[in-house]
């Protein structure tokens, strides 16, 4: 069941168009990731979902009703949808008062507030912090207080803006796990905006990719990762090999493409003559010194044009008539004795080539 | 030099013996300035909260205008209130000219711009995210404004204390609308100017020391409050 | 009300016809305040540069003391200068009391703390890295201070203009050490208070409008300079 | 020839001891990397090298003379050693005036200044920027102006504090290349402080690792990377497998170690009974499903305890009697069909094990 829909949202900030026609719907209980580069409009979208901002045009539906334009419904939405800002702020008051704040706004009795706050602080692992001033906490603890404060009213949806942007790896893991558990136990819909593809992959059931204010692709994490719908998404998820080619033949879904005069095979249903973009993830390109006989349909020889170590990995730039990047382990690179100027063989499977129309 | 020294010794004597005239003038000063501060604060805090919270066309301009009023010379405020309360003025019928009430109104008018301006800037210097957070947690406008005022409580207190300091130190308004009537509207600043000119150096010095002490306490108070942040 | 209105019309008439007395008083005000501003600036800029650049024991305290002096009431400064220059005072022999020179010295003394404090804070708000960068590029202390002053040029100009605004608006010092002698030491603020009390409403209003206009121009000037940053 | 030596430098900031007994020497023309985590004292060390700060104790020698304590020699050092701060600041003036500043301090004639500045701006690729206000430039351009300004006096040494911390990858590459070229052409000694091991590897001839104010290891980049001298350095350069073991036998430099009851072989000259730490880089651990016959001396079977994808890589946590992490490509992980709970075989060479005393 969908609990929220947004339809053709546009937002201007001054002369800048931050959002351009965003539409999607949020399902009950799902974890929805919004990924995109910094400045692509993720934060604005969350602010519109929580109705802290009013869109310049477009509609927001919550529980089937159009809330845009109704101050009463907007404020009702804000009472039912929680949000944690990218850099969460806490009030200059005790941890207890911070977490109790939303309950006091709703005029709960002192006893009820007490019970709920203590339970929640226990759940996020901040038991014993009640009397500490929230401003004296570390980044991870502040994030926990902000989460506890947003969740204490048991909202139907929780919007998180880069929830782990400034955290160390340990706090990051704790908080990611807490969010997922809370969502499962309470059926809370979670929306996570992040610029990190990896976090989207770890947490989200579905991902929407936003680029320059437009929602360019929605799908399962694996779809986004392996089958990006356009060049910008492909670059964003780490596809380094983006080639142009023309279909020369199609035999039952195995197409042959002409790429800079070389023949590349891919699995796709396209007609001869179609101009296509080919995406090949650099880690799907296998490197060897002699032509090995493998099941990979595509095999080329080329010259090593560049070699860059980064940590445990080596990024090998090859010229095989067209430029190709292969990502292999540093160890393999050393075992193979790779050097700039040397010849090497590359191969990749026909299934490793993802094509889209130009 | 010895004459000056003797004057200072006699001035301190007047202070430590709680000389009637000295106590009377100082006490009147405190009451008048406290009253004008309370009056100004009652206007400035809610008004500042609303101006700071809402977005409206011309907000930037309004704040600029308020800040421009910081530097209206005291004699100009004094002249304005004098003309309003004078027999020929629109409020002349109230018969307030040359009374402590006139001084309270005049001083409140004098310090309202700076108190309002500092309140607004105290509220705007609260992290914008506090506003958004409060709203996203389900607060109404009134609840949100109150939460922001609580965040800025130290800076707002400083604005109020600073307003009091301005009121008790100024001489232009008090002189023009109070009239410096001995025993009735004479306060520290007007008395100091008057007594020095009349050659009562020891009295002027006694009052000067008290005024300086009050100004010092106010400044230290403002610093203390500001450093709590 | 009509009386007030007539007064305002007559006041504007005095201004646009360049009435001798009005022009004389306004011109004297500008000269006295400009002189005191220049005097204060000559002290504050180099001194502020040194205090800001060097680290020494008690620096924080010194800055606090300077800031405390911001709020010394004008009548207290007036009283101090009055006593120094009075016949019995240590500088009585100069015969400066009740002359424009006395007012220049008094106003300079009044505005030095705020001008110095704002200069220091203008210099400290220059990125600390400018200092380190300048030194690492091989500058001497003098060259480094000069580079930092250049970085803060707009904020320092604002401090100077603000000092001028304070000088021209104040009444306590001018009244006590100038003595408000018509045609000799009478300036805008003292004349406004005096003429209003004597019932010369149109003259007081004319001077009030001019003073207000000067204060407004100064404020706009400060804002303009500050917004260049 | 060494141009600078520091001896037993200590620095206190308030109650915090930022540097604790740092000694090393800088050779003419070398690129020296100072790496360490944020807050470890890198910036303080550079500031002491440039004598912007005075150490609480210790000596700085420049061109063979002790400059500490002599204002004249300190200022002479500053005139001969350039520095670019972590977040470089430019004066609120034109690009030309910024770069001309150090020359004007030294009272060069207008004509000489003009010639030098134009040549330098040309060299860093800022020709045509002369009249632009330097505050209006982008991050990369600002960095170039700061570099040009520091290099215009042709200093004998240049100290760079995280020179590329806030740059995009393209500017980073341009600036790294410019620095290396300038150093080679002019024989300038370069000191680069960075928290990125990878940057140190790319640029430095020698690296000093600083941890909590102490210089814990100095050596070639490959020594630091493959043979860290203690556990903190090992963690910092990405050694994820840190085990404890006891030597059971030593046959001509091939030692057998008892690690949690399992026998591990390593190349080292230690005596039986020695308690050692073993470092194994996760990318040196090879994974297979069946026991493959390889030349690797160490081979264990274990259970997969965890599997985490991060971009093109998979990090596999294994339990082989002791915990072991292997870093392999995502593709290999998928080809092998790895799953938590499954059995797998791991192997690593005896040379992949680096040991140090406990």
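Chains: A, B, C and D, in written order; residue numbering restarts at 1 for each.
The rule we apply is simple: a residue touches a chain if its C-beta (ideal position, glycine included) is under 8 Å from a C-beta of that chain, and two chains touch if they have at least 3 such contacts.
Keep in mind it's a predicted model, so treat the numbers as computed, not measured.
**Q** Just how far, in Å, is the C-alpha centre of subunit C from the one of subunit B?
**A** Here subunit B and subunit C have centroids separated by 21 Å.
**Q** Find the geometric centre of each of subunit A and subunit D from their Cα atoms only, then give the gap between the two centres in Å, rounded to an integer.
**A** 31
**Q** Using mean C-alpha positions as chain centres, tell me how far subunit B is from subunit D in Å, no decimals.
**A** The answer is 59 Å.
**Q** Using mean CA coordinates as chain centres, what's the subunit C-subunit D distance in Å?
**A** Spacing between the chain centres: roughly 55 Å.
**Q** When you check subunit A against every other chain, which residues touch at least two of them?
**A** Where subunit A is concerned, no single residue meets two or more other chains.
**Q** Would you give the residues of subunit C that are in contact with at least 2 other chains, written as numbers and ranges?
**A** none
**Q** By the document's touch definition, which label belongs to this structure's chain graph: line, ring, star, complete, or other?
**A** Looks like a ring, each chain touching just two neighbours.
**Q** Mind giving me all the chain pairs that touch?
**A** A-B, A-D, B-C, C-D
**Q** Can you list the subunit D residues touching subunit A in their complex?
**A** 197-198, 201, 238, 281-284, 309-313, 327-331
**Q** For subunit B, which residues are in contact with subunit A within the complex?
**A** 127, 129-130, 132-133, 135-140, 143, 147, 150-151
**Q** What residues of subunit B sit close enough to touch subunit C in their complex?
**A** Touch list, subunit B to subunit C: 1, 3-4, 7, 64, 67-68, 70-76, 78-79, 82-83, 88-90, 165, 168-172, 175-176, 179, 188-189, 192-193, 196-197, 201, 204-205, 208, 211-212, 215-216, 218-220, 223.
**Q** Give every residue of subunit A touching subunit B within the complex, in rising order.
**A** Touching subunit B from subunit A are residues 47, 50, 52, 75, 78-79, 81-83, 85, 87-89, 91-93, 101-102, 105-106, 146, 149-150, 153.
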